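What follows is a pair of complexes built around chain A, which joins chain B in one and chain C in the other.
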Partner chain A sequence: MKDWRYWLAEQRGTLLALGIFIVMFVIYTSNHPAGFTANVVQTASNKGVLLAFVAMAQTLVVLTAGIDLSVGMIFLLTNCLASWLVVGSPTQTAFGVIAVLLVGLLCGAINGAIVIYGRLQPIVATIATGAVYYGIGLLLRPSPGGSVNEDLADALTGRVFGVVPASLVVLLAVVLVIWVPFSRSVLGRAAYAAGSSETAAYMSGVPIRRGKFAAYALAGLLAAIGGLFLTFFTYTGEAAYASGNAYTLFSIAAVVLGGVSLFGGKGSAIGAIFGALAFRTIGDLLFVFDFDPLWQPLFQGVILLVAVSLGAFALFRVRNRLEWFL
Partner chain B sequence: MSETTLGGIADRMPKFIRRADPAVLTAFACIVLLLFLGSLYSRSFLSPDYLLQQLKVASFLGVIATGMMLVILLGQIDLSVPWAVAAGAMMACAAAAYGPLGVALAIPAGVFCGVLIGIVNGIGVAYLRIPSMIITLATNAVAQGLMVVYTGGYSPQDSATGAMRYLATGFTIPGVPNAVIIWALIGAAMVFVLTRTSFGRTVYGIGNRERAAYLSGVDTRRVVMIAFAISGGLSAFGGVLLAGYASKAAQSMGDAYLLPSIAAVVLGGTSILGGRGSYLGTVAGVILITLLQSILSVMQMPEAGRQIIYGVVIVAMLLLYGRAPASR
Partner chain C sequence: MDGVVPLFRMEGISKRYGGVRALEKAELVVSAGSIHAILGENGAGKSTLIKVMAGVVAPDEGAMTLDGREVTFASPGAANKAGIVCIFQELSLIPELSVADNIVISDPPTRFGMIDRKAQRRIAEQALARAGAADIHPLALVKDLPLSRRQMVEIAKALARKPRILILDEATSALTAADVAKIFGVLKRLREEGLALLYISHRMNEIAELADHCTVFRNGRNVASYKAGSKSDNEVVELMIGREYSHIFPPKPAAVPATAAPRLEARKLSWADRLDNISLTVRAGEVVGLGGLDGQGQRELLLAFFGVLRGLGGQVLIDGKPVTIASPAAAREDRIGMALIPEDRKTEGLMLPMTVRENLSFAALDRLSKVGIIDRASEQRLIDDMVGLLAIKTAGLDIPVGALSGGNQQKVVIAKWLMRQPRIILLNDPTRGIDVGTKQELYQLMRKLADAGAAILFYSTDYDELIGCCDRVLVLYDGAVKRELVGAEITERALIASALNIHGEESPVGLGASA
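On to the complex of A and B.
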């Protein structure tokens, strides 16, 4: 197989997600009353980026064949924390941002420690830690409120050079600073290897524990970046249980749309980002076509159901029936 | 099976104690500990009235956890509980608005909706081989969407029928709430199915190794689908009982039952990887969770503190005895 075809096969999921996103976005903007303007793109990217960060977080964990059902709650917790800390003078704000990110990293690290060193199943462990994180968030913000450094918030949710949405620039920076180095590092490779076959990786002397731990911890960090952005976007902190659950759910949908295998070891965070953007655009299509907003949850649910069922097509390629039972 | 039961009761008792699952014993020990701590706080914790009241509250969770346990024994999980509960409750109440026939069919209608949700889950897991965690999240979202469209985003106005209220709050035998009797009946049926039928043995077999069960000639996919349908139906039935208890359905009434039902099953010593666990453990887990919730609310702990303690207790107890074996 030639190099470029190999590359194409590896990136198929990501390219598919990119394709879906472009098609959906074209439909969205061409039917939007304002059309394809900088304003429309800015609003869409601000909304999409929130989910993109959470979806990246979910990707890291899913790559290790785990799942993090607490990402939505880390997202809420850091949102509530940011509404206390990211205020005041530039120095205070900077420390606030760092503190929020560190808390996110800590939440992820706790998940990782419980799952890897405590040897609990990720699904139960992260549901339980999610309850804890939600509780702390609720402790911080029993009712919606708080504030944020509005200069910073406006700068990061505004536009660069009047055209490019700043949130997209931040997303790109996060990809370059966190995802690219991680996926190329030994730890990143270990996370992939642990996802595709933990036994084989262990036998080959790959540092699977450290790789998985890094994936969980970085997932917390990425969810915290999402939480920061939510604060910049809304200017307040709110511990809304339904919203946290929805983000967890949507992050899984985005990961699936983005071509990341839920069995681990296959896919990339870039794909998940496009999956997230596509998912958000599909959800917003209802508005440009003037549907009752009441239909939105059903619509998103059906998309999710269809998206996860698409994975079943792989069954047709299975030659030996025993491979059904992994 | 017949050979081993010949030993007689005298022979089996020590064996029963020897073979008791340490997880189940720990769970029961924790129940005693919680009751002891509660009685230090207030003397009324040990009164029969309070205990019976707790048992009644526990029975709603118990019905839902029974279905969850069946699915977890398969090595799968059912995250569609919240809206299966809500759909069961809402549809039962909705049916009650359609005259006498609707009132008569209210409970079956609610349970039927849950079974439908469960069948979709089952088809996804068994035939399409989608990870259960994902497909059940998706059906949960779809069920939520359907209910939001149906109710217009508000809690429905229809109220529960007399039969639903009677099942949830009435007394057939003086002193024993009907809800507890229902839980006992469903529990007994579950124990029978798990230990005395080929379906039950197959469930354990699939939980241990689906491949082996398939090669032994079992239609594993049908068993998985039936198990999910039962789980959906029991969740909806739990919702029907809850609607009877509160005399109407509410939007997010099921949200509070997902984590507790999983926690109850897992704390009761059922392996989340499937294939191992007893119903006695689930009973212990349900009572444990209900007591914990009750004590926290009696101590007037705010919601935030309750969530934190709850999560910490679950993680701590799982670390005590729910750990996977060390890798190699």
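On to the complex of A and C.
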């Protein structure tokens, strides 16, 4: 086989997600009264990147065969924090942004430390830390409020050169600065290896703990970037419990749509981004076809089920039935 | 070698797991530029020895020296750094990563902090070429490769780490004959390059071709060390035997007449590359043993009968009638009446956190319930019978089964199936890790069940058990039945010789059994 075919096989999940997204987005824009205009793309992008950041965060942890149920809460906590800190002069704003990102990183690091060194199961550990993060967010913003540096907010949610949505540019930059280096670093490979087969990774002398720790910590950072963007869109901070939970669950859906294996070791954050964008487009599709928004959860569920079933075909090839349970 | 510091030396290494001693003051000297074969039967301590060398387990006592300096390894990574690289029997490849990723996994080449993919590709290609496996594409995912190719990747991966001591633990077990020939060429070249190679294999012909030096292990000790070729196969088998009988077996009844109709019959069973045209019969009242080295297809054979394997070739007959058994649930139905006592009671036999009562009833719930509701009274009656019959020692029926001793846990697994009164009982190494007293009880029970009319197929890694319990023993090698031993033919000597698939001179009858 030629090299490109191996590449294709490896990227199959990502490409499938890209395909699903493009199909849905084309249907959406071609039925939109305004059509494929910069404005429509900007709105879609601004809605999509929030889930995309949280889904990237989820991807990192899922790759290690873990799960992070606190991403939505880190997203909320950093939103509340940003509504206090990302204000004032450009210097103050810059420090605010850095502080918010560091808090996200810290939240992720705490998750990682508990899971790796405390040896707790990720699902339990992150439910607990998620509640703690939400609690802190609630203390910061008992009721919705606060403000944000509007110049920065408008710049990052507007358009570059009048056409390209700035939020997409930021998303691309985050991919290039965080995901690409991580996935190609020794730590990133350790995270993949630990997710695929922790025993084999240990036997091969792979730095499993550092790899997993980096994945959890960076997940916190990515969720915080999402939280910042939420503040830029809403100009306020709000500890909305339901919204945090929805983001956590949708991030898992986006990850699965994006071809990332919940068993770990397989997939890419780029796939998860397309998964997130596709998932968001479902709602928009219902809108252009004049469906009642009440249909949205049902449709999201159906699309998710269909996408996940595609991945289950491999089970038909299993010859030893005990392998079903591995 | 006098006067010269050997490359590597182990002195007085001991390791115990619970009450079981795996290694007892073992010694080993490895010198550069030679291939050193390690021999021994199942459980002789070879695997533990390697694991100690490779930093996977820490020894309880003893010392290791490398170049005359004492060393200890906290992890496999540490042993690798010191130049000791092991190719384990259980593959240590990461399935979702590519071949190249795997080859460089412990020390990837980096540029500006990121993995240098070009360099990685180059290293992988070189390593694959060196292992004689240039046909494997470095970008292929490991999980997509067949087992024999994976094994070649494993070897390439070991070579890429530039080892000084390379340990091969049954590294050829999954290879095709052409690959074995290539690997032998590679290993001989490595020897000339000054590496020390430790070669663990059960294939005597491989050892004869490769080894310069051999060490035989028995009961966790090195019992003999000799220059390759200075002993005959029979002498080697003799060295490997020698455990004292420690079990008491019930007397065997007169053989079931060969004319009796078989209860369970297999005709040319084949599955994947693990089972190769296996035909056998088990009659009611018979205990038939499955012998051979670990992993020659015994486990798969039992799973095949029990309806776990898909795509099975050949035919299974119950009472002379062909049947298709599609799942364990179908296997336990009355018309078949089969039970499998699994090898790993902790994962396949018991739900550890659940109570003794619940575990006992699982397999028989359909018989104990009416319209889906469990009849507690008849459940209690049957459980009492079983606890009495098997003398299960438990503080109560409502404590978690995980709190019982290993022997009593195993009794619960067996009792659970006996509650269905199976007509065919498959046992997969049921006495592993349980105490001698319980073992004896199980031997008695097995014979009692056979006398009561059950057909029993019994896989054991313990040769004494096969000798003491079985009316007939089928020895498996590479997924095929290599030999059938009946009655007095079942001796330790015959078992080991056929397990190693040694051809040629017949062993003198009775020699092994008298040990």
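Keep this in mind: the second predicted complex is superposed on the first by the 320 of 326 C-alpha atoms of A that agree within 3 Å, B and C clash if a C-alpha of one lies under 4 Å from a C-alpha of the other, contacts with A are read in each partner's own complex, and residues count from 1 in each chain.
Keep in mind that, in the parts below, a contact is a pair of C-beta atoms (placed from the backbone, for glycine too) under 8 Å apart; a residue touches a chain by one contact, two chains touch by 3 or more.
The shown structure was predicted, so the numbers you read here are calculated from the model rather than taken from an experiment.
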Superposition on chain A - do chain B and chain C clash or fit: clash
Which superposed partner A:156 touches (first chain B, second chain C, both, neither): neither
First, second, both or neither for A:202, with chain B first and chain C second: both
Which of chain B and chain C A:138 touches, first, second, both or neither: first
Touched partner set for A:193, first chain B, second chain C, both or neither: second
Touching partner for A:301 - first (chain B), second (chain C), both, neither: first
Partner chain(s) touched by A:309 [first = chain B, second = chain C, both, neither]: first
When both partners are placed on the shared chain, which of chain B and chain C touches more of chain A: B
On chain A, the residue positions that both chain B and chain C contact, one per complex: 202, 321-322
Chain A residues touching chain B - in the complex, by the definition given at the top: 67, 114, 118-121, 123-125, 127-132, 134-139, 142, 198, 202, 241-242, 245, 249, 252-253, 256, 262-263, 294-302, 304-305, 308-309, 311-312, 315, 321-322, 324-325
Residue numbers on chain C that touch chain A, as the complex places them: 56, 75-78, 80-81, 88, 90-98, 101-102, 105-106, 108, 110, 113-115, 117, 137, 139-141, 157, 271-272, 300, 303, 307-311, 327, 348
Residues of chain A touching chain C in the complex: 1, 3, 6-7, 9-10, 181, 184-186, 189, 192-193, 195-197, 199-206, 261, 264-266, 318-322
Chain A partner contacts - residues on chain B that touch it in the complex: 77, 124, 128-131, 133-135, 137-146, 148-149, 152-153, 209-211, 214-215, 220, 252, 255, 258-259, 262-263, 266, 272-273, 302-312, 314-315, 318-319, 322-328
